[in-house]
Amino acid sequence: MFLLIKFTLLYAVVLMLVALGGMFSERSGVINIALEGIMAIGGLAGVFVLALCGDSLPSGVLVAVSILASAVAGILYSLLLGFSAITLKADQTIGGTALNMLATAVAIVAVKAFNNSSAAGNGAASAKLSYSNKAFIYKIGPLTINIFLIIGIIILIVSYVFLFKTKWGLRLRACGEHPQAADSVGINVYQWRYTGVMISGALGGIGGFAYIVPSVTTWNFEVGVAGAGFLALAVMIFGQWKPFNIAGAAVFFAVFRSLANIADSTVLANLGLSKNIYSMMPFIASMIILAFTSKNSQAPKAEGIPYDKGAR
Amino acid sequence: GCGSSSEENTTADNNQTAAPAATEAAAEESTEAAAPAVSADGKIAMITDSGDITDESFNQITWETCVAYGDKNGIEYQYYKPAEDTDEERINAIDLAVADGATVIVMPGYLFGPAIAEEQDLYPDVSFIAVDVTEADIVDLSGNAVGISDNVYICSFQEEQAGYLAGYAAVKDGYTSLGFLGGIAVPAVIRYGYGYIQGINDAAEEMGVDVDVKYYYGGQFYGSDAITARMEGWYQDGTQVVFACGGGIYTSAVEAAEQYDGKVIGVDVDQRPKIGDLCITSAMKGLGSAVNSALDAYFGGNWASIGGKSEQLGLAQGDYLGLPTDTDSWGFTTFTVDEYNTVLDGLKDGSITVSNDTENQPEVGSHVTVDYVE
Amino acid sequence: MSEKTKDVLLSIFASLLCIVIGLLVGLIILYCINAENALDGFSRIIKGGFYLKPKGIGSEIAQATPLIMTGLSVAFAFKTGLFNIGAAGQYTLGVFGALYFALILQMPWYVCLLAAMVCGAIWGAVPGIFKAYFNVNEVITSIMFNWIGLYLVNELMYSTVSGMYDQKTTRTYKLSSAAPQSLIPDCGMSAVFKTSSTTIAIFIAMAIAIIMYVVLNKTTFGYELKACGFNKDAAKYAGINEKRNIVLSMTISGALAGIGAGLYYLSGASEWNPQVSTALPAIGFNGIPVALLALSNPIGVVFAAIFVAHISVGGAYLPTKYYQPEIADLIVAVIIYLCAFVMLFKSVVVSKLSRKKAKKEDVK
Amino acid sequence: MYMENEYVIEMLNITKEFPGIKANDNITLQLRKGEIHALLGENGAGKSTLMSILFGLYQPTSGTIKKNGQVVQINTPNDANDLNIGMVHQHFKLVECFSVLDNIILGVEPSKGLFLEKDGARKKVLELSERYGLKVEPDALISDITVGMQQRVEILKMLYRDNEVLIFDEPTAVLTPQEIEELMKIMKNLAHEGKSILFITHKLNEIMEVADRCTILRKGKYIGTVDIADTTKEELSKMMVGRNVSFTVDKDEKKPGDTVLEVSHLTVASRSHENNAVRDVSFQVRRGEIVCIAGIDGNGQTELVQGLTGLEKIGGGSVKFLGQDITNTTIRERSKHGMSHIPEDRHKHGLVLDYTLEQNLVLQRYWQPQFERAGFIKSGEVRRYAQKLIEQYDVRSGQGPVTIVRSMSGGNQQKAIIAREIDKDPELLVAVQPTRGLDVGAIEYIHKQLVAQRDKGKAVLLVSLELDEVMDVSDRILVMYEGEIVGELDPKKVTVEELGLYMAGAKRDEVAKKA
């Protein structure tokens, strides 16, 4: 049971962080299908920091620096989406898809080049990085939690406050709902859309790092983040672009994801369901729920439509 | 701990020291002896089957052996990765290697069977060394069995014997709740696993204790969050030791073991130096030394001694399999090296037999329950 | 020159521009990693399958075939206003259909191909139904059904249906030995390319591309589908059943991806490995850049797919001593990223041209 | 007044080019403090463009802007705001899912520390609304309030920002005569308080009523500025189009025949607003008459037409067409039976903008044997047919039949639709706002076509928001208010004012409902 709670929390925080990122991007009007790739790049940067200066820094500093690195890398990578979707007004879904494919290739080549330079250099380095995650993990009684749980809760609350209690939130949302209206009252739509995309980059990057670090100490970048980014997109839609709903949806998805991995050590082992079945379930569940809720979807009205100041 | 880079520790030299003592010594000797005869005008090519040379398993061990051999003797080497996981691309990779001037091609993995069948006669001047490949694997693309030609040497190992030893020793040492975490269910992995269960069974019957085993293939040769989670579940559920048998997948078992004071059994080479004390032993096979001696035969002008041969290397043939017995690597508390040697002898002289059937799950007695997790 | 040919030339120019930039980036990457061998590596990529004649050409053909189909799948959806990111899932289902009919039912190849098509079609239809009747965006549904499909197929092949998965090779049984009647005939092509799996599949794919071109441009059915794609409200106004058409578009799109799987696996080149469960077939996703590169023109898809197969194969011939094989993936990915801008390149060129024209007219 | 020659705003020699068109060509406009200055011109004359430049949405290609005699740069709406210039746009710029208050404060949000502080804003808004008679509910969502209230929100947005120069772009197009009356009062009130107002409208009466001066544009060029006191409606319209315009339509007495369309107790649900749905509507349309549905935008006309034409599901009641019950038949069936439909939104429904002109001209008929054989389109036949229509209806475009429709001007797009729908030779022509946004010449032409249909003995159901059109073209007027028909009127007997009362729901005729 503790294990189920542990893994549910672990995955839920990841999904929530990334889904919140997606929410910011979409609330500003940009569909961010590149979350999967952003996660991979953010995770890569964070892990690089851990692998490079894992021993030389005090753990508090290490945690801060590595998380910062993942956020910054996520932001930088998300700027590629911003550039294509906002500045060049290209199709957002297509740009995002391209970035997803690019991310894995970049991560593999980068890790291999890194391993090559530090190892024998015979061209045979692996796409794996090893690191220590001790600084991120805490034990409370029988329950193991990681630092991202705390960060996640803080970010959840901050997201809510930012979006609904500050003027920036109001402006960001206006850009996703009616960019012409925002523009006409002097709000710089391009700037806010970049802001939205960059926040999603930061949260996606941290989310990718949070996905990789607490559970393992070696990561093979050939798999990217194994579909977690797409799952987060589903969580975001499921959560109807609202922070607390997203948190709830993340927990729901996380329960199934955990079960897929640990069902054989719980009472559910008697059901004899295979991992594949558990893996399928959150997707099927969200499809069913989407079918019932989509009629009154809360999706930002202007999402996916490039804003062209000159257009009428 | 395991936080250190895996690269340094998995070098070929480590392989060699990790290989069973007798074989290793033999390999060393022959290298030394044949050294003057080694002609450097060959070129080694190694081709991976479906994985990467960084799988921390057969591909990597083979590659590192080739690298060490090449560096030592000043021979050029390169590896090739087929564009796709298909026989055709493996064939293309052989063509490419030959086109690049390779004179001896090393191929680890039973998947090379059809490629060898198709290519062996096309390049009579090129020598092929295939490990983990059996005669049954050498079929042409339509599935008809083909004999091997003189320019081909294939060998495979009786991993079930190493697995047997590991399982037997673990139960003898007092463990009653065990796990098997395989990588991809390739025949070698299955043989390890099924041997492991047979060893567990024999020890449990002997001692009359009840033992339960969880048995699972992760489907990958690397650790990941999902596998770690599963292992945490096992350890938390009472599993005491897990035989992590699939390249880098051991990292997940180790992660989980560290949190729950569990133990791990390594595979292929002695993994205790890499993993640390929670690795109680490793089921080893002499893959590196087999490759090494085959290369020696080729470059030493003795190809004829192995060409056209298909060898199934087991304890009857030499010390190709076993557990590490150095005091540094001996992680058992009650089980002794003497007891180990007794079983080892039994396997060598055939008084103990281990089935190598990979199609059917091994039969177990009333003391053992195996939970095959899907 | 008529407007239409001008437009076609402009499209081709934009696509070529994107390819050239992508390749240049690739060359720069090669230089950064190992300057000495960059040119040699680059020439291997450019030569593609021709570096290893004739087998390399054979494998280029083998890889291009399913790519044409997934490219057509995505392009067809694009033409009808939908983004089918689910080709990977439909392809996966297609694999199951083809192999089930081949290995279990021992059917001739065309029946198996049909089965692959139907399975893909079903997996495409579902997002279509969700879009038409529940107003759920097809992108998100397709993504979800990709994963559902992958887990489902793996579950079916690995444990539910016995007789498909070969324990010994850890993948499905080889068709050449277990179901030779299900292999697509090669009509002597294998001999030409010294391969075993170069079959007429490539011609089937090309024929389908031509059929798709005709259907989209010459028939009332294509007229309706495209009308729905451009403006579904106007289509509805014109009495076209736009919901049915959305479902139909996605169904056909899925069927095309399914056929792609059938053509590939029924050629006997490869077997499905249900244990590698974390990855969707890349061929499904690579259909997207192929379609983009071709600006969704079915004939263009054929060339784009061959091009992508060409540099992928070439990438595999990179000397591993200096370069990781993934460099090829990286270059393809860069080209894909640039593909998102093909339309943009095109409109930039158009506006440059029209500005020039306007200036000329001003002068007059 | 001592500031007689002091201008608040001067736009001097403004030129604005769009690709292929000079929307403003050397235009000069001077606005005095405290005056209401009207801006008049045909569609596409460049009025909105000029105002957008003043508001910082567009940058002029050349020319200067002065505020109080100082040259200023207005690069963004922010700059305009800083100069106290505000604008109510032709199409409201309100975020639908935000509250009224949020829309008003957007861009100038009062904050305390990091957080929004709305209480002060709410007080200020209520004060302003009290002072200028602009009734709003600060916490209602925009999507839930009427168009009239939305406009008040737009005005409050400007007042909240303490703007001195107020631009109104066609503010009256969507209002009832009574609401227009009210707005005129508010504008005078504002001008009296010292605000300077720029006012765009197509309605000469309004200019005559409130404006002090009027600047006229034609095809992007400056024609002149006149004092309203010294001019007449006729003079203004002549300056605007360059010729005398007849404001009336010539037509004979109507000779109604059999009933073509019979609607009884029709109910249609609405997608967006509960109160816009059609509720229990009954009426008939006969051969040889033009029946007009009048009403303010958003009172159920759209849904009514969508129900009749099959675009929307009918909730209750029945529709009989040529004696047959078509309540639940498909759009295609209705079309086959002889119903034509000129849709309200030509871009949304009427045209596939990315198709060529010829493809659009067969949009309703491509499946007929004339154009189809064995599933294939007879492209030669389509070309011939398109050429015929283009010639007959004088549809102008760059490349004839193969022009992509998106590149055609709005007027010609509309003509293409009208050609297509009329050439179907329908029994019933449903025309929704067929002249929306068109210039006078085009309007004249379309009205002639409608009357010609009627004279051929066809039935015409016209839906229009333009009172002039309603009065001129129709033979019978049905007024819709909040989804119901509240009056059946004879255009020859009713006055515009009375019609306005019906439209505003102030007057209703119970007899009409039972018809």
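Residue numbering begins at 1 within each chain, and the chains themselves are lettered A, B, C and D in the order written.
By our rule, a contact is a pair of C-beta atoms (placed from the backbone, for glycine too) under 8 Å apart; a residue touches a chain by one contact, two chains touch by 3 or more.
What you are looking at is a predicted structure, and each value in this text was computed from that prediction instead of being measured.
Colleague: If we define chain centres by averaging CA atoms, which chain lands farthest from chain D? Would you check?
Modeller: Farthest by centroid: B.
Colleague: Between A-B and C-D, which chain pair shares more contacting C-beta pairs?
Modeller: A-B is joined by more C-beta pairs in contact.
Colleague: Using CA atom averages as chain centres, what separation in Å is found between chain B and chain D?
Modeller: Roughly 79 Å separates the two chain centres.
Colleague: So how far apart, in whole Å, are chain B and chain C when each is placed at the average of its C-alpha atoms?
Modeller: Computed from C-alpha means, the inter-chain centre distance equals 38 Å.
Colleague: If you average the CA atoms of chain C and of chain D, how many Å lie between those two points?
Modeller: 46
Colleague: Return the residues of chain D touching two or more other chains; collapse runs of consecutive numbers into ranges.
Modeller: none
Colleague: Using the touch definition from the top, which residues of chain C touch two or more other chains?
Modeller: Each of 158-159, 277-278, 320-321 in chain C touches at least two other chains.
Colleague: For chain A, which residues are shared contacts with two or more other chains?
Modeller: Correct list: 122-124, 127, 223, 226, 274-275.
Colleague: Using the touch rule from the top of the page, what pairs of chains touch, sorted by label?
Modeller: Here the touching pairs of chains are A-B, A-C, A-D, B-C, C-D.
Colleague: Name, in rising order, each residue of chain B that touches chain A in their complex.
Modeller: Touch list, chain B to chain A: 1-8, 11, 52-54, 56, 63, 67, 79, 214, 216, 222-230, 232-234, 236-237, 248, 251-252, 255, 259, 371, 373-374.
Colleague: Touching chain C in the complex: which residues of chain A?
Modeller: For chain A paired with chain C, touching residues are 33, 80, 84, 88-91, 93-95, 97-99, 101-102, 104-106, 108-109, 112-113, 122-124, 127, 223, 226-227, 230, 233-234, 237, 274-277, 279-280, 283-284, 286-287, 290-292, 294-295, 297.
Colleague: In their complex, what parts of chain B are in touch with chain C?
Modeller: By the definition above, chain B touches chain C via 50, 78-89, 91-92, 95-96, 99-100, 110-111, 118, 139, 141-144, 184-187, 190, 217, 219-220, 224, 358-359, 374.
Colleague: Considering only the defined contacts, which chain C positions touch chain B in the complex?
Modeller: So the residues of chain C touching chain B come out as 52, 55-56, 58-59, 62-63, 158-159, 167-170, 174, 176-178, 180, 195-197, 268-271, 273, 275-278, 312-313, 315-317, 319-321, 325.
Colleague: Considering only the defined contacts, which chain D positions touch chain A in the complex?
Modeller: Per the touch definition, chain D meets chain A at residues 55, 57-58, 76-78, 80-81, 87, 89, 93-98, 102-103, 105-109, 111, 114-116, 157.
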